[in-house]
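Okay, so chain A shows up in both of these, paired with chain B first and chain C after.
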Partner chain A sequence: MTSPRSLPMGLWWRRLWVMTAKELLQLSRDPVLLIIIAWFFTADIYIIGSGVSMELRNATLRVIDADHSAASRELIHRFRPPHFRLQGEIFAHQEGTRLLDAGESMLVLEIPAHFERDLQAGRSVDVQLQVDTSNTVLGTLATGYASRIVAGFSEDRVRRELGLTDQQLAAVPRIEERQRVWYNPNQTDPWFMAISELMTVVTMLSLMLPAAATVREKERGTIEQLMVSPLSPFQILFPKVIAMTLAILGGTAVAVFLILIPVFQIPIKGSLGLFFAITAVYVLATSGLGLFIATLSRNLGQVSMLVIVVLLPMLLLSGSWTPPEAMPEPLRAAMVISPLYYYIELGYGILLKGAGLDVLWDSLLGLAVLGSVIFSFGVWRFRRQLG
Partner chain B sequence: MKLARVRTIACKEWREILRDRLFFTTAFVVPLLIMLVLGYGLSLDVENIPFAVVDHDRSALSRDYVHRFSDSRYFDFRGYATSERALDPLLADSRIRLALIIPAQFQERLLADRPVAVQALIDGIFPFRAQTTKGYLSAINGQLNRELLSDYLARTRGLTPERAAELISPVRLQQRYLYNQAIESDWSMASGLLTLVLMVSPAFLTALGVVREKESGSIYNIYASTVSRGEFILGKLTPYVGVSAFNILIVWWVATEAFGAPFKGDPLFFFLASLIYVICTAGIGLLVSILVRTQVAAVLVTMVITFIPAMLYSGLLVPLESMGPAARSEAYLFPPVYFLQIAWGSFLKGLGIDALWFQVAVLAGYAALLWTVGLFAFSKRPRR
Partner chain C sequence: MGEAALVNEALAEPVLRVRGFCKRYRRRSAVEGVDLTCARGEIYGLIGPDGAGKSSLMKALAGVLAFEAGRIEVFGVNIDSERAAEKVKDRIGFMPQGLGLNLYPELTVEENVDFFAQLRQVPAPALAERKQRLLKITRLAAFRARPMKQLSGGMKQKLGLVCTLIHEPALLILDEPTTGVDPVSRRDFWAILTGLLRERGITALISTAYLDEASRFHRLSLLYQGRLLDQGTPEQILARTPGSLIEFEAMDAGRILSRLRETFAQVEGYGARMRVFVPGCEPAQAKIAVTRALDGQFKAPLRSAEPELEDAFIALLNERGLVADDTRLRLPTDPGPVSDHQGQAVIEARGLCRDFGDFRAVDQVSFRVRRGGIFGLLGANGAGKTTVIKLLTGILHPSDGSGRVADADMRGAGQTIKARIGYMSQAFSLYQDLSALENIRLYAGIYGLDRKTTAERTAWVIAMAGLGGFENTLAGQLPLGVRQRLALGCALVHRPRVLFLDEPTSGVDPIGRRRFWEILFHLSRRDGVTILLTTHYMSEAEHCDQLALMHAGRIVADASPQAMILALQAEAGQLLELEVERPLEALALLEHRFEGVGLFGRRIHLFASSPDAAEATIRTLMQGAGIRLTALRARTPAMEDVFVYRVLALERGQGAP
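Moving on, here comes the complex of A and B:
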């Protein structure tokens, strides 16, 4: 066997090309897999993008009103949709406990007797709110909205009682809050969810597809044929990565142009060319990790379990659901070695924030360095195993 | 159906699992990993929001105002910026998620009893966090406004400070948190994650177990043998259900020990209910394995039909109440909804069979349906 270095360059490239074509052909002949990939880049992103909303809507509320006065009714009717859904009145404390236990109501508001009388006498009154906090996120959100409603009720009463007109209010010292939300002014959940899911899908497939393509050759024994051919390990491996990268980039384009832009109306602020370029870098980096998994496994069952073992920490350390500042210190340090962390930064930065390389160069550098280390490691392990 | 044959197949399968050490290890490691990683990592508590301030006033009052934020555990002060323009790259690079712009004459206007506008810029990439940040911001400003107002009333109307304070907040909300008094999000997350773990891992194990034989061709031995399809499926799946039953104990232990979630319900009831759930999700894996031919396809399909219902249609992350009517009725078509009620009911609410029998019955019905369909869809004479 001649060493690859003495080969004419043309032949070297030709071999790479022929192998890539073979991989693409093989992929195109697996209709089930193609359908699944297409499903991930379209329906899956659509379902998650449109289905996941972390807002609190229609939280179910029951009322125990021991006062039945104009004031208590006014307060109760401030608990309105979209955040709350009033289910009606109950008359006993035990009934409230039962409904909360059964999960039929999330909140029970209790207004004491003499509510109105005490208010008119200028005494402050406590109203009680029982909250089901088995889901803490919802519980805190509901409490937050409820206390805002009660504060608003208080404030209106104070104004009425003190006889403060709008004009007089201008002569009261107060902070007027001007809140502006950048990058997603109306806090449209699908923008965040759809992009996040696209990146998750890209990650999962870049881990899975090249690893599966490699291990399948091992499992079926066709790797033996490749090993007796004049191909170097790099020439066997890299075409798989190229082919899968092309497939994933194609899928990303489908997701961006068929789902993200037309369906979710995401305004793409930055350069799409740059986004696809960094996606390519990211897919190459992650498939290096996939190749490493392929060297550890003998069959696809092992590959898929290991993919989950690698994927979950990657998703966790990406900072999409839990940003770095909310992480415990050791995990925050570990984020530096998660390629997805850089990809998320770059992805949201380009797509929603309209940032360019002048701001994001450090993330790109991190991704490139990490990617080349991971990829060389994957190829090195494979070469050693074949040699 | 001969029990001896079922036992033989189960033995063969068990030995195969044991001999594939990597697969065997991951069968136990994956559930543990999902619990630990998502339990610790998926924190939706919004704290330490990094923020910067542009202070055009540089007065004593404006510094006090900034202190109200930097002293709170919800905000993390990252320094002063010189101008609004300097904020752009900081927000774009996610170095800060909130910026406050305090106007000139902040102190002067407040002391002259006049309102003053403070601008807040919030990073809206993750809408849930932006909403929560807005809430914290309003709470701090609201508190300050109440102090300013009571102070003002005390001065202008000659009230005592206590009287003024009482006057401006006539109604107070006393909240009582039930089932998770300390709002430990770990407790909710850990006990809720059982729904995800026990959905994903049994489905994966069974789907891979059956498809592996299909892909390697060893299933022809079964086709050619005297084993009936019922015996094959029962024998084949028993070891995986066994592994998953052991996993129930592991994740239970993790939820109570590592995350400190209280278990207030009946352990035996909960274990049996979980076992039914596991049998049900193993049935999902069985169906997948009948539909697909390759292991890659099996993995991807299983991932789709287990992760999405367990994460999105269970009520674990996305509140069922917030869904539209169509999505909500869809959610009730999947088993995780019912198991999440059992898990939270058993862990946090201390409910038992008398309150949760309906959920268990639904899961049992589900399991029966899936296994029956699986049994009839599996054929020893495949067309291909």
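Moving on, here comes the complex of A and C:
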């Protein structure tokens, strides 16, 4: 060798840098990947954040009104937009059943004859509400809203019947429910959904990008060229992870500064620096899993399918779909090994609750430990496969 | 002559007629104005390197590719629409390029055949009969239940042929069926193919990148970069490109070569053997010209030999000015030491073994390569060549045995070895989305060159590979020959002492291949780089200083090419070449009487221990059968003869297919 021998450490770092620069250059030459990254960090988060809502909106409602009285009309008109959309009146029981079966209406409200007369006579009356609960969440919400409406209706009737004034009412002892919402005071869903989607996107891309970069070298045969060079498997793999982490952090910055803050007006409570730092740790951890996927795959198609296989349980075990407390015991235990679980704890904690490391250190520790285990496993698999 | 009859028939009743065919991919033109006509029963060849436009033309003929201009008629049907193509598709069998790419790896041999038969709606009784017959001829019958992915390259190709023939097409279109297949399997494939075509009167259009396969065709078209260079019978093309080939032996090969190159465009050195093509000259004139060029520096007997189609092809390119000016190499001088041939072993393998599960891919392989030597590993597909390279480069670990590479022990000093060797795989593993310059700098960085050395070496690689003007072109967009030299440059950027090349020339045109070899010579002779390579081109094998022939994981012969040829002559006798009128009939007659009988187009090669007695036997045999013998001559065997003879003998010994 004619080149003067640099310090071994310096050479080590230089190789790492050269390889990282190569990965970034290759990424910048791949328009399809760039479009995918741009899409996920902007449009995708915007669509999910503004489109998906946990509130009941425009639930379709039909009415069988056998009474046609002032009272029945009052009750019906309490089912108002934006929660409900009144589609009109029908006249037969069977018609209601048919509409529910066909999915054309979600709710059918049936008011019996003599509804008003019985109320005025002081008899209690039943109304029937049939709800299509094939979507459990929406069904439960609809039922809840409806019973609140009916309860409100009867409370008002009672007040009118008794002729109570507000002062008199205040004298009646009763428990009043007053909610004070923390962290997301207006309970705007976009906050929750957009942050959750950002985390999902980060997860997916950190599984996908390093795996794709690795398997592409396998497909092209360039991996052999690297294996005969003095690079160690770690020096071949880690630059991919660094490069993709940088790309994902860049994307996250775009999502935070162009979508989350200006569009959804999420007040960032904690330190953004801390948020980016834990995102970096999280991406490193998850890309170890991606490298593992790359050792199992021969081509990009297999990578994509395996990413789906890994991504779905990760999301399930993350607590973003279902709170941990609501999961069966074995699954709750399994959450400990899902890096996304820690990331979500940390992410919401920093962004919405303004928590700092003093509170979140245990999650960060969990993430770091889990990350190094997963990453070492990925490199080990790779080394064994090519060794 | 049967040839004249065929040509007449071609005009009377063409199966294929192509006029002014043009195909463009986006703005890039792939084929420009090709005409050809193909008669019933004819084997028509499309010959040219990668990017000549062969595949585009064949896909259009098979009705699977739309084209911009021209007219294609197949069985008299004008293929101008998808519907027109549908009309003739059941009479066409098309095998696309790529070893077994049209087959299903997970299905067995029989399931593959059945699938294609069902696709073509072959009735069951006919299928049973054809399957039996075709599998027997291709000697695949014993492997009916074996999944396709476990077949060797040659067997995959034969299975592909069976699947293409199962519906008894009248026209067969085969796109590079022999690329990447070793010489023995290639011969086997050709023998089977010619037999079947003759027997069924099938017309075939076949493309190849091997110019030495030209003699297998009745007629052919030479294509280069989408243009037609010439067409006709192999003899016609050779006759239209007059010239003489002069051969001689010289010790100081490097100096003589560079001297001759000042005068002649087509000069090659095979070890000590020099080969000069002098265009437009009779042999006597050519000898005078060569003697004059040597300027009294060298005295040795000059021989004249018959030019081959490859010489004609390159002469045609030169004549048409299709060869870029920079093809003549101006290798940058390198202050490296001059090679000493007597030096110690730089690569040494001692009893190397490698197992994959129960399968022993490399078995007790031992050899030594001296400093500055060019060592060639030959062998059929799956003989273990690539595995040996992977063991020596440290990609794989040996199951047993030891070795030294570039003064370091294979087992203890993996990283030291890696810093001292260069490696280039058959895929020319470059980063296609990086430019030429970025590729070079990447490898300079990986090998830890400092800024000054990187600049020096980058300039060296650009000059060596003739990359001037391509520096900022993405590697994926470079012409194949340039890409190959760039890959070589990347493997050389850190001045390795040892260079490993795994099929470095596959798919590259003859000019590119020759140029590549000039670089290798320069490296080995001037810079003392030790080179180990594998190749399927037997003409290239003759360039090596030393060859090892591998079979079933073992080295079965290890000597210089000349020694191997001499050993073959000593063992098998004199090689005789026959030109006869009905070669297939003649072949059948001769096969039982002589050793190593093989068909080369319409010429027959055979070995005879006593040439005179053999000649008498041959003449009697031919006379008895009423076959006219037009020529019979003694020939020096080429490496291909050695390879085929040895491998066939080994396979017979094993009783393997």
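Throughout what follows, the second predicted complex is superposed on the first by the 380 of 387 C-alpha atoms of A that agree within 3 Å, B and C clash if a C-alpha of one lies under 4 Å from a C-alpha of the other, contacts with A are read in each partner's own complex, and residues count from 1 in each chain.
In this section, a residue touches a chain if its C-beta (ideal position, glycine included) is under 8 Å from a C-beta of that chain, and two chains touch if they have at least 3 such contacts.
Keep in mind that this is a model prediction, so the values were computed, not measured.
Student: Once the structures are superposed on A, label A:K22 by its partner contacts, choosing first (chain B), second (chain C), both or neither.
Tutor: second
Student: Looking at A:Q130 after the superposition, I want to know if it touches chain B, chain C, both of them or none. Which is it: first, second, both, neither?
Tutor: The first partner, chain B, only.
Student: Which partner does A:A92 reach: the first (chain B), the second (chain C), both, or neither?
Tutor: Neither partner.
Student: In the superposed model, does chain B or chain C contact more residues of chain A?
Tutor: Here the partner covering more residues of chain A is B.
Student: Figure out whether A:D30 sits in contact with chain B (first) or chain C (second), or with both, or with neither.
Tutor: Once the two structures are laid over each other on A, A:D30 reaches both partners.
Student: Give one of first, second, both or neither to describe whether A:G221 is in contact with chain B, with chain C, with both, or with none.
Tutor: Once the two structures are laid over each other on A, A:G221 reaches chain C alone.
Student: Examine A:S297 and indicate which partner it touches, taking first as chain B and second as chain C; both and neither are also allowed.
Tutor: first
Student: By the touch definition above, which chain A residues appear in both interfaces, chain B in one complex and chain C in the other?
Tutor: In chain A, residues 30 are touched by chain B and also by chain C.
Student: Going by the contact rule set out above, which residues of chain B touch chain A in the complex?
Tutor: Chain B residues touching chain A: 20, 22-23, 26-27, 29-30, 33-34, 37-38, 40-50, 65, 76, 89, 91-94, 97, 109-132, 134-135, 137-138, 141-142, 144-145, 148-149, 151-153, 166-181, 183-185, 187-189, 192, 204, 208-209, 212, 215-216, 292-297, 299-301, 303-304, 308, 312-313, 315-319, 321-323, 327, 341, 344-345, 348-349, 351, 355.
Student: So in the complex, the part of chain A that touches chain C is made up of which residues?
Tutor: Those residues of chain A that touch chain C are 1-4, 6, 11, 14-15, 17-19, 22, 25-26, 29-30, 220-222, 224-231, 386-387.
Student: Going by the contact rule at the top, pick out the chain C residues touching chain A in the complex.
Tutor: 393-395, 397, 415, 418-421, 423-425, 427, 429-434, 438, 442-443, 445-450, 453, 474, 490-491, 494-495, 500
Student: Enumerate the contact residues on chain A facing chain B in the complex.
Tutor: Chain A reaches chain B through residues 30, 32-33, 36, 39-40, 44, 47-48, 51-60, 75, 85, 100-103, 106, 119, 122-141, 143-144, 146-148, 150-151, 153-154, 157-158, 161-162, 169-185, 187-189, 191-192, 204, 208-209, 212, 216, 219, 296-302, 304-309, 312-313, 316-317, 320-323, 325-328, 331, 345, 348-349, 352-355, 359-360, 362.
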